[in-house]
Amino acid sequence: MYCIHQGTGSMNSNQDKVMTLEEAIARFVTDGCHISIGGFTVNRNPMAAVYEIIRQGRKNLHCYAHSNGTGVDELIGGGCIARIEIAYGGNGKAAPTCIRFKLAVQRGELLVEDYTNYQMALRFLAGAMGVPFLATLSGFGTDIVGKWGFSREMRANHPELPNKKLEIIDNPFDSWGGAAKVVLVPAINPDVTIVHVQKADRHGTCRIEGLNFADIDQVKAARNVIVTCEEIVDTEQLRDKPEYNSIPFIHVDAVVHVPFGAYPTACHNFYDYDPIYLRHISHFAKDEKLYAEYLAKFVHGVEDHHGLLNLVGKGQLDIIAADKKTGYAVGLDRR
Amino acid sequence: MYCIHQGTGSMNSNQDKVMTLEEAIARFVTDGCHISIGGFTVNRNPMAAVYEIIRQGRKNLHCYAHSNGTGVDELIGGGCIARIEIAYGGNGKAAPTCIRFKLAVQRGELLVEDYTNYQMALRFLAGAMGVPFLATLSGFGTDIVGKWGFSREMRANHPELPNKKLEIIDNPFDSWGGAAKVVLVPAINPDVTIVHVQKADRHGTCRIEGLNFADIDQVKAARNVIVTCEEIVDTEQLRDKPEYNSIPFIHVDAVVHVPFGAYPTACHNFYDYDPIYLRHISHFAKDEKLYAEYLAKFVHGVEDHHGLLNLVGKGQLDIIAADKKTGYAVGLDRR
Amino acid sequence: MGYTLQEMMTIMAAREIHNGDIVFCGTGISMVAAMAAKHINAPDSIIFFETGPIDPRLEEIPMAVADPRVMYGAASNGGLLEAFATMQNRKTGRRVIGILGAAQVDRYGNLNSTCIGEYAQPEIRFPGSGGACDVASFVPRYLIFIQHEKRKFPVRLDYLTSPGYLDGPGAREREGLLPGGPTAVITNLGVMHFDDDTKETYLAFYYPGVTPRDILDNMEFSVDVSRAAEAAPPTEVELTILRERVDPHKLIL
Amino acid sequence: MGYTLQEMMTIMAAREIHNGDIVFCGTGISMVAAMAAKHINAPDSIIFFETGPIDPRLEEIPMAVADPRVMYGAASNGGLLEAFATMQNRKTGRRVIGILGAAQVDRYGNLNSTCIGEYAQPEIRFPGSGGACDVASFVPRYLIFIQHEKRKFPVRLDYLTSPGYLDGPGAREREGLLPGGPTAVITNLGVMHFDDDTKETYLAFYYPGVTPRDILDNMEFSVDVSRAAEAAPPTEVELTILRERVDPHKLIL
């Protein structure tokens, strides 16, 4: 099933795209739609949006992930995801293998298609570029090539999926580039991509500080894009140095102002990841009953992200506040 | 013929790569080698390096260009280039078709292989990525596909060239991505790439201001890289905002400090292009005798780029000085 | 208010640009047309260039797509890859209108900007595709700017640089091109559109003071003129904006 | 000076890193090893991560490759594409040494980090490749970090995530892989190298206090121990740097 809500007039340079998170999720994330989120493991996951998706009870999502640890694992735990194409379901020290991901796969509740991180990044790039595939030299000789999570039959019945997981072809330029063969990986064009950035203007132009991970291509590959941000800034401020902007407004459909929108993951120059809260999630995630209690209290039990931050408390948020020079919380106790 | 001077130890983070332009050109640009230069038409061409190559009398270069107008046309005029793969030989108002390029092609003195701008950019990207080709949907139905400047026979005899100009294949993923077929273009890995940037440190980390054109991939695709720069800055200054840096030092072999190194083309935030000097070149370029006189006086007749700037005069350089806010010379007479 | 044919041509192109379009611009008169549209009839159109800037402020008219004036005040400054991906991309690309010039155009809107004569050693060499073939391949609609002279409208191109409708209906699809093609050929004498069925050019407008005969006399191939009407001349507002705000120093017009 | 087996393992890896190497790092102990090498024997080595930073300052030890601590003071901060292209790139990639962990390793250095049991519904699911398969495919040499336990050294992997020497000599080339492969398996008991001819692991070093027998007892397959020697224990300097400068808060070791 395709769920396309082509953003209307998202091309206008003066269109104000600011809306509430509730509205953005309701509008662009629908049951069964194909979704990708930005960030990487413990950094700049769009967590406020993830929790809002769980609160709104979205089901049967098809998720495209490279290593978007925390966000993807909570979406799985929240019961939102039916199928996932992924490179890495781990989350640093808090969860060497993402706990809800691991349990869901072992129980056969989550259909998985495995790729490498580079392959997933290339697949988003192909989608952003508007080409059907890109080439890489990784995968040869491995089960990533041979074992498919989505069978040929399933793919044939799902026109929203490519007909093959990947394809190896002989190099049409002989051994040019030192390669006799290449692995081709198919493009991804998610129905919706959600990223959390430090700064955006009301039209959707974004400036990402620190690493961009695969966010830029995830955005450009998508049919609809929700940007959550720490700060909404004047357009003039961003246009003063256009070469430092990561995403021009033409790709964006919704801009949502959510301070601490990546919490409990980090947002460079704003706050660090919260080692205590990440451990807290891991603790609950290991047990069904505990995790249900956790969801009830910390996700469904709060009105919105601000509600979660109130539960966490200002004291803890102060502890993870980023140092101006380094962009992280210097000396933070991360044991 | 391959001329590889693998940069020794260019990987060391503390290696000082600063040298004179004379030394850098002598070391990395040899007769017959495969070269690409950065910039686009009237902007940020590494002109000081171009003139030094002409002064050192390099011959039979194989050049890879997208739309590097001024620099490439001077290299052709200077008699340095035997073969060129190019998307566009034009140079804005001063020369709708680059004059020395046009004359050389019409006389059969320059072997040309035509691509599109995107195809050339993709070819550099493929080289930078280490894959043998990339795919695009442009070229179908055109003579760019059908007419080859370098024949199959010539390609077979030149292992440093791909066996084909390009190749059209059926999309192995059926119509995935809305494409039944794709055009594959082969990677480029120049022996040497030369770019001119605003700021570099002594190890080669660069920050490009304004548009980067295809410079970053041209650099990463190359076996050897010469960076000329307006300013050599402290490493600490660049590392304060790593996300704004364009090229990390690991790709760079030589760093040369050349103020006005892109003159008479523009260098955003430093100076504008010089409409008078560009017209002056065009005037001389149209006639063999005049152009010989021009080369004798303005290229061979000066010791180095500083010598050329002296001929031009400080008054003219002041006129094209960039305005701090806009990055160009506001109100410059460009008729 | 008097006006030149170049001005008329520019205004005719500007009128083809809709509010909200993303406009791909080359150098020269196409840039003037795009800027005129933004100032006159399509204030929310977005101009971008193959060099990479999206929606630059354009306080002075750029003389080349790599002019530093295209960098100032943009939403983003990338490079060639970003620019062409924006066109090939299915979300943004479908909103792009291109404006292309050429040395020759044929009856199907195919363009030659490469050479006259044998490719290997031509009589006249032009700059080549640049991004033109990419634009013509990727975007759903584009305008062609060209001076009306016989040699510029040949029966057969010496080199097909950028695809129009190739050899007629269905040809783009057969070759593998995305849906799209040229929508108008705008010259110093009139405007030609493309027939929905045959994909051949026909005369849609001739400028005041120009006859369909004048136009046919300046082409190697003939076109249907039965649907032609006289174009409305530029309005005073259009001319004033063009002269005072877009190109006040007459750098291009 | 006493030391733990984890410390020994880290120092053995650090010793494999040469000055001027570009070191690809994962999380955990591999990061400690790379940082130790930079502080001890390879001051001009360059650390980078799959998330995109090149040569970050690493004033505090990162707990993940996306930890904001990997961003501070780098030469550049790109993204995944830049990181992997740096490895696949023929100039920079040929200088890279990777350090990989895994759930299982076989006699040819192939790695499993995906699952135990049937792929569709495994008994144990691990995180998956991440960038490991890419690293193992692109770079000329890499180290494998793994704890010495029988189930981690199986005769046959349940899932081959990252290529070592596949099924022996010539197999990488036949499959299409770039020249390269693992150079050492570093465990908490010893270090195995790969035979030039057979591409099979053999025991090169056992740690002081460990016997080759101990090692064989902790593997499903057996390896040649005839070339094994006792490893030199960590020096006082090595241990001091490791403890005081690299991981002073014992976040990893």
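To keep things simple, chains are lettered A, B, C and D as they appear, and every chain counts its residues starting from 1.
Criterion: contacts are C-beta pairs under 8 Å (C-beta built on N, C-alpha and C of every residue); 3 or more make two chains touch, one makes a residue touch a chain.
Just so you know, these numbers come straight off a predicted model, no measurement behind them.
Q: Output the touching-based chain groups remaining when subunit A is disregarded and all other chains stay put.
A: one piece
Q: Is the C-beta contact count larger for B-D or for B-C?
A: Result: the pair with more contacts is B-C.
Q: By CA centroid distance, what chain is farthest from subunit C?
A: Between subunit C and every other chain, the largest centroid distance is to D.
Q: Need the CA-centroid distance for the pair subunit A / subunit C, whole Å please.
A: The mean C-alpha positions of subunit A and subunit C differ by 40 Å.
Q: At what distance in angstrom does the C-alpha mean of subunit C lie from that of subunit B?
A: Their C-alpha centroids are separated by 28 Å.
Q: Suppose each chain is reduced to the average of its Cα coordinates; what separation in Å results between subunit A and subunit B?
A: 37
Q: If I count partner chains per residue in subunit C, which residues reach a count of at least 2?
A: Residue numbers touching two or more other chains: 53, 71, 77-78, 88, 90, 138.
Q: Spell out, as numbers or ranges, the residues of subunit A touching 2 or more other chains.
A: 130-131, 136-137, 178-179, 182, 189, 210-212, 243
Q: Draw the chains as points, connect those that touch, then say whether the picture is a line, ring, star, complete or other.
A: Topology of touching chains reads as other, fitting no named class.
Q: So, with touch as defined above, which chain pairs make the list?
A: Taking the chains two at a time, the touching pairs are A-B, A-C, A-D, B-C, B-D.
Q: Given the complex with subunit D, which residues does subunit A contribute to the contact?
A: Result: residues 39-44, 66-67, 69, 86-93, 96-98, 101-102, 105-108, 114-119, 121-122, 125, 136-144, 147, 149, 168, 178-183, 210-217, 266, 268, 272-273, 275, 322, 326-328, 330-331, 334-335 of subunit A touch subunit D.
Q: Note which residues of subunit D are touching subunit A in the complex, please.
A: 27-28, 50-53, 59-60, 63-73, 77-81, 84, 88, 90, 114-115, 119-134, 136-138, 159-163, 166, 171-172, 175-178, 249-251
Q: Along subunit C, where are the residues that touch subunit A in the complex?
A: Listed in rising order, the residues are 19-22, 44, 46, 53-57, 71, 73-78, 85-93, 95, 138.
Q: Touching subunit A in the complex: which residues of subunit B?
A: Result: residues 126-127, 130-137, 162-164, 167, 169, 171-174, 176-179, 182, 184, 186-187, 189, 208-212, 243-244 of subunit B touch subunit A.
Q: Applying the document's contact rule, which stretches of subunit B touch subunit D when the two form their complex?
A: 6, 9, 11-15, 128-131, 189, 203, 205, 220, 222-223, 238-240, 242-243, 245-251
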